[in-house]
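Following this line, the structures themselves.
One chain, subunit A, links the two complexes that follow: it is found with subunit B in the first and with subunit C in the second.
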Partner chain A sequence: MGMNRKWAFLFLMLACISLVSGCWSKKELTDVALVSALGIDIDEKGRYVGTFQIINPGNVAGGMQGGGAGQGPSVSVYSTTGNNIVEVSRRASTKISRRLYYAHTNLVVVSDELAEKEGLAAIMDAFDRHPEFRTTARVVIARESSAADIVKTLTAVDKIPANKVIKTMELTEKRWGEHVKTNIQEVTKDLVSPGKEPILTGFRMIGNAKKGEKMENVQESALDAILQADAIAVFKDDKLVDWLTGETARGTLWVLDKIKSTGISIDWQDKQEAIAYQVVRQKTKVTATMKNGQPQISINVQAEGDIDEANVPVNLADPRVLLRIEKALGKEIEKEIHKSIQHASQHKTDIFGFGEAMHRSEPESWKRMEKNWNDEHFPKLKVKVNVDAYIRRTGLRSKPMHFGGHLRVGPPVGQRVKAVGFSTPRG
Partner chain B sequence: MEKARISAYQLFVLMYLFQLGSAILIPLAIEAKQDAWLAILVGMIVGVVPFFIYYSLYQYYPDILPTQYTERIVGKMFGRAISLLYILYLSYLSARVLRDFGEMLLSFAYPETPLFIANALLMFVVMYTVRKGIEVLARTGELLFTLMILLAFSGLLLVVFSGLIDLNNLKPMLEEGLKPVIKVALTQTVFFPFGEVVAFAMIFPYLNHPKKVKVAGLLALGLGGTGLALAMAINISVLGVDLVSRSQFPLLSTIQSIQIASFLERLDVYFMIGSIIGIFLKISVYFYAAVTGTANLFNVKQPSQLAYPIGIIILFLSVTIASNFSEHLEEGLKLVPLILHLPFQIILPLFLLIIAFIKRGKGQKEKRVQRESAPRRGEA
Partner chain C sequence: MPSFFKRKNVTKTRYNQKSGNKEQSPEKKPGSIGFSLSVNLDIIKQRTGNSTDIITRHVKIGPNYGLKTVVVYVAGIVNEQFIHDFLIESLMKDHFLQEDLNLENAAEIIVDDLVALSSVMQISEWNQLLLSLMSGDTIILIDGLDKALSVSTEGGEKRAIEEPGAQVSVRGSRAGFVESLGTNTALVRRIIKSPDLWLESMKIGKVTKTDVAIMYINGIAKQEIVEEVRSRLNKLEVDSILESGYIEQLIEDQTFTPFPTLYNTERPDIVAGNLLEGRIAIFIDGTPFVLLAPAVFVQFFQSTDDYYARFDMATALRLLRILIFIISLIAPAAYVAVTTFHQEMIPTQLVITVAAQREAVPFPAFVEALIMEVTFEILREAGIRLPRAVGSAVSIVGALVIGQAAVQAGIVSPAMVIIVSITAIASFATPSFSMAISARLIRFFIMISAATFGFYGIILAFIMLLAHLCSLRSFSVPYMTPLAPFILANVGDTIVRFPWLDLGTRPKLISQKDNIGQGETMKSQPPENSGMVTANTGKGDGNES
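The block that comes next holds the complex of A and B.
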């Protein structure tokens, strides 16, 4: 009996080891294709075209020079079509020998055409629902490029193009504040919220798409094709309606309290953009109230920062002067905010979440306005903006070198080009 | 009834984990929208009432199992019938929790594994534990409790430090007034999970210090309820009401949102371990109650002998009670509370308590019990 028991136990243990070790649906690493980015376009027949950026592990590892690895491109790209996302994904098996694995997909690129015609809602459900797909994956809109181009273009410093796009977007949001990083979860949240509409960063491929796909693209110092963050896509309901650029885009980020640091330039003594102020930290508060039965929004911004550049003879050692500069800076930021609000009002889309603020503070009135908030109430909204900008430091120098009067002040007013263009691509 | 003793602390641990159990997985009380956490707290406070009913019955009969005292209260035939119904109720509930586990596992991690296999893996562990008796179960609970607390605290810190919490999502509070909150509390949270401690009526007699049952029970209710309310408040403040209400497992979505310093992310395992601990304990307690009850009712000398046969039945039951997850949830949140929980958690125990009270006459001991339970009867 005792012996029998022992054998039975041993048998059970062995059975467990072989059966319970989690090999039910095992996938060897050599059988999965790690999808780093997924681009979605729409073709003439209205079908989705999915472009999969698949990592070539052998070509990513092992440093830049030699070591055997790294001869081919770091990613391979395949495209398939289908009537919905699942169809696109499953049909890819006709072209790719490995099972598509989405757990590391950090980027979804949607073409502007698709976003305008079909809307985002139609494609977001698949990403939101699938357990493998991460809702923390970033979403961008391909602006005046196809999503496929964004996914195909090889990049230099960051070997995996998806990472380059994500890191660029995150960095520029932090440093410059005219773009915003958004993930699937945030998009779906904004899509369903009646008091806030989604915004997404646009990316465009600049240069020659065909050359961008080739290894030569990354073997030059000035790349033939680069990917650049370009404008913020504004949505109404789930459709792309407009693009915000420059100050209008940054104004939006101010309202959303997403500015981390940026550079603000103001005119001084008839010289345009003479003083540059670097925002180090800021806090924006949006409050919604009802005044005489009318919704009203007030925006309070408190920004703190340093003077980074001064190209006019201005006495930065004088606190009274700094006070005047602070005033001017506040005005400048206010102007940006007003610009962005005007812009959104024209399109009747509340990208700032004013509706949500209203919902929080005036739930009773909100119930009345909820249905036609975007079309009726939001454009007529009274918005008060108050910006306090504080200068804390002026860098390692106090007065600028012009101050002595020996140095002529830069070129005359109005000769400089103000717009930030897309000019020639640079690495 | 096996010869075993557990401490008040062990009872507390079991009850605490039991309540977190499967309740922490699902969008609990989300019908109350952003006030879900409030509905949970209200449910917890009202949930003290059923607990006192079971506690009072236990005070009357501190040394025997409910399956025995039902006989003493309402006579042999009715008593046995009630006991049998309770055993079926407990078995069904353990099958339900087992199904919760399987559905969770399959929806999120193992889509290609058959439900039966997933459920069987856990159920065999549960059967093994329960076969070993209540003392082993309680000690397992103690071990897992430490792990759970570590997980909960580090998880909380991670969520906080990832900057995901937006308390604005919890506003406006009481948008539709108190009514929806009370309604959800009284139709859902008071039964699930708080009233479910009815299973512990089968475990109270094992306490080594019977006087400490009250403290341990109330503490477990209070901390369990607070934990659940906190978890739900965090879910809503991270995901927003809409996303929580559309999520099968909101806590999972919350944990998946964590991204700290671009390397602390994909912490799904937190959710996995936490939920398996809770679910394991919950199934074990239900299952243990069912097994001891059956053994007691049918005079089986060794309750452990019943662990495997009943376990297999529960395993099959868990796969067959619903044909899909939506059906399973609909039954669990809409039907079970009113059709099963209400009679088994409140009506029957209250009925038994009243009869026991009348039968007992007015002894010295009963007066004390009366003072504790009588004012609360009206509310229930």
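The block that comes next holds the complex of A and C.
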């Protein structure tokens, strides 16, 4: 009796469970389209154009079945238009046989046109709200190319173009420090913060867009179209206002404490960029104070690194020489930082988060300044920069090749091929 | 659920208390042996249906060979050498002992002087006579005497003691139980040389009359549990007991559960270890598997090697086995859940690889998993039954069909093959076979659950399993002891094994006396001064130690 009742109850509960939930979220892998990147442009009517980069799994992962990899393009790209992001996404079902699946979307490309005209906030809302979309997806701005071009271009070593863009951006931030990786969460955070404006890396498609879409593009050693990280987009009040390049861009990263390693060159004895210094470790501290009723920022940078190249006769075994080099390096970094601050001041946009630093240390004063921080207080801000650069190692060789003149190996100095990382022209 | 204290009305009497009233008995006192030898022999013939393996040997004993006597035994289950040498020969030849022999003192003289075998009993009941005859005893009937003598001559072919087949261990005794109950109990006695090791015998099975013995250590085993085991065994009224599995299923607390609530083993050292923890061993004649009660869940993940190896390795291996058990439960289910519900949970690169493999597969992931699992179960089942000669052929076909052809034909994905293989290997790595096969069944249940609800379903199934496990009892001891009624003192020997010095208590709910009494005092320590290190140098101050 009691046993029967128990079973009946259990059965009832199970029945209820299946009614309540069902398999409504069931989606076979063969029914989903894995969207790896999403590009958003704006058309002449002001509508959004979404470009979906969808992974063709069979062409990416070879597996055992007859070596399918490389047979076709690793991604397929579809474009649809709509008045908002959801409309764009839903309308895509007219063209794509599978349900768009955003959980693996890790790149959002926004065209510079859209960023200038409409701003980011409108589209970020959809990404932030969608339960599938990851807020860790990276956001980049298509610079002087359409977002569709960035999404469509096939890439060689990394088969999925979205991965190539992300990995390029992450690597260059770590190795060179003129670009910055930013994800949806960081963008939205900076958008709502009155004390900091977002910055985003720009990407540019170099070459022939039409050729870049073809498989031939990846079957050549020198690709017809490549995707390159290009400058940092500066935003103000949600809209793209400026691009930072070269030293200005790197100066920004110094302030933001995002430099992992980079190369700095200084002039020595009338020779331009004669000594190359590789930063291996750095720490930047930004402190905000109020002095005589005026906000003041002081930036302290401590950089450690090695001498990587010395193309002038310089005695690196002499500690006094090293001290002088260290000082010159400090000056150089200081120069970059000042350059970037000046640049931001001109556009009246606090991309460094000085406002947030002020908020933390002087909350009372911040309340007064919060409203017109960007337009009034930030451009007038007094910024003190102090850089200490330390040389930790000078490489395997202590004397330069032509130190003393008796030892000369390799090509003459003038034609010498410099190490790749250090010879790239800035910007 | 039966418990100790709520004993059900036992109206049925024990099988051996029942009298064998039979109308066909020609005696005036039914069931008793009569005086006439020929009538008695006829009865034996009639009761055994003239079976040809019943040997009757007529001899005449006493002065002038006046007493007609018959020796009856069943060929094959007796030690015929003994019967010839110590029974028939002495009956026939030792005349100097038989000078005073007459009908009145025949039985006594035979018992005292003639039979040079250890156990001789006088029987007067037919049932008893037939039972001992069928058990391998030799019966001596004398004309004119309404009694029979039963001489213990059990024997016959026996398997020698070998290494156990199902429970192999790296270290430890190589002896495994055999089919003979006497050998098995002796194997345990050889380990525990204590007078407190008590053994009780009974016969179960109305037809088979199988010898069953319970063994426990008096003073360690709980009296209530011993009593419970005894009463549950005595209650049994079945035709036959062919294997320990019969008893296990007949006396377990709950029938409707996939989990075994009695432990079975082939190893005397496991039995000894469990007796010392207060458990009760049930030996059944005719099977090398001995039952141990009460059993708890964690016991099924312990192996003898855990106790013989050092504690750190033992603990690591036990944790590994728990992991293995979980893998064997949920590996296919997790694959189904991940590929049909939670694609966001796998790294992008992996999801692409899996998606590429799934691309050509015509079935939903669940069906794919089901096909592979069922195929594997078929292979496994076939593997057990196959004659050794064709075994290799089937394994080649199996490996090729499952591993290669199915993948190349695009029927299943290579990832699924990996999942099924891992599951299969995992299911063989559980030390207890009875626990491993219960995982086999539950696996399908969890797979269905995962196919309907995804990970939510797996968790749901796990909660149900856990609730079920906590509701189970084995001879009134909660199945999840010492984890579910949490007993701190006993946790040292569960999914971890503490060093021996820290295992000072017996399982609390199972044994009578908790404390074993080992501890810090036994701990070996280096000598306090002038240790071995410094002794040779001659000038150390002993601080090195």
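Criterion: the second predicted complex is superposed on the first by the 377 of 427 C-alpha atoms of A that agree within 3 Å, B and C clash if a C-alpha of one lies under 4 Å from a C-alpha of the other, contacts with A are read in each partner's own complex, and residues count from 1 in each chain.
Here, contacts are C-beta pairs under 8 Å (C-beta built on N, C-alpha and C of every residue); 3 or more make two chains touch, one makes a residue touch a chain.
Predicted model, so just to flag it, every value in this text is computed and none were measured.
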Contacts of A:S76 with subunit B and subunit C, given as first, second, both or neither: neither
Which superposed partner A:S25 touches (first subunit B, second subunit C, both, neither): both
A:S361 touches, of subunit B and subunit C: first, second, both or neither? first
Which partner reaches more residues of subunit A (counting touched residues only), subunit B or subunit C: C
Which superposed partner A:Q185 touches (first subunit B, second subunit C, both, neither): first
Contacts of A:S193 with subunit B and subunit C, given as first, second, both or neither: first
Partner chain in contact with A:T135 - subunit B first, subunit C second, else both or neither: first
Subunit A residues contacted in one complex by subunit B, in the other by subunit C: 25, 103, 134
Contacting residues of subunit C [partner subunit A, same complex]: 339-341, 343-344, 348, 351-361, 364-365, 407-408, 410, 414, 451-454, 456, 460
For the subunit B and subunit A complex, residues of the former touching the latter: 107-113, 117, 121, 168, 171-172, 175, 239-240, 242-243, 253, 256-257, 259, 265-266
Residue numbers on subunit A that touch subunit B, as the complex places them: 20, 24-25, 103, 131, 134-136, 185, 188-189, 192-193, 356, 359-361, 363
Interfacial residue positions of subunit A with respect to subunit C in the complex: 17-18, 21-23, 25-30, 32, 34, 36, 55, 57-58, 60-65, 68, 101, 103-104, 106, 132, 134, 160
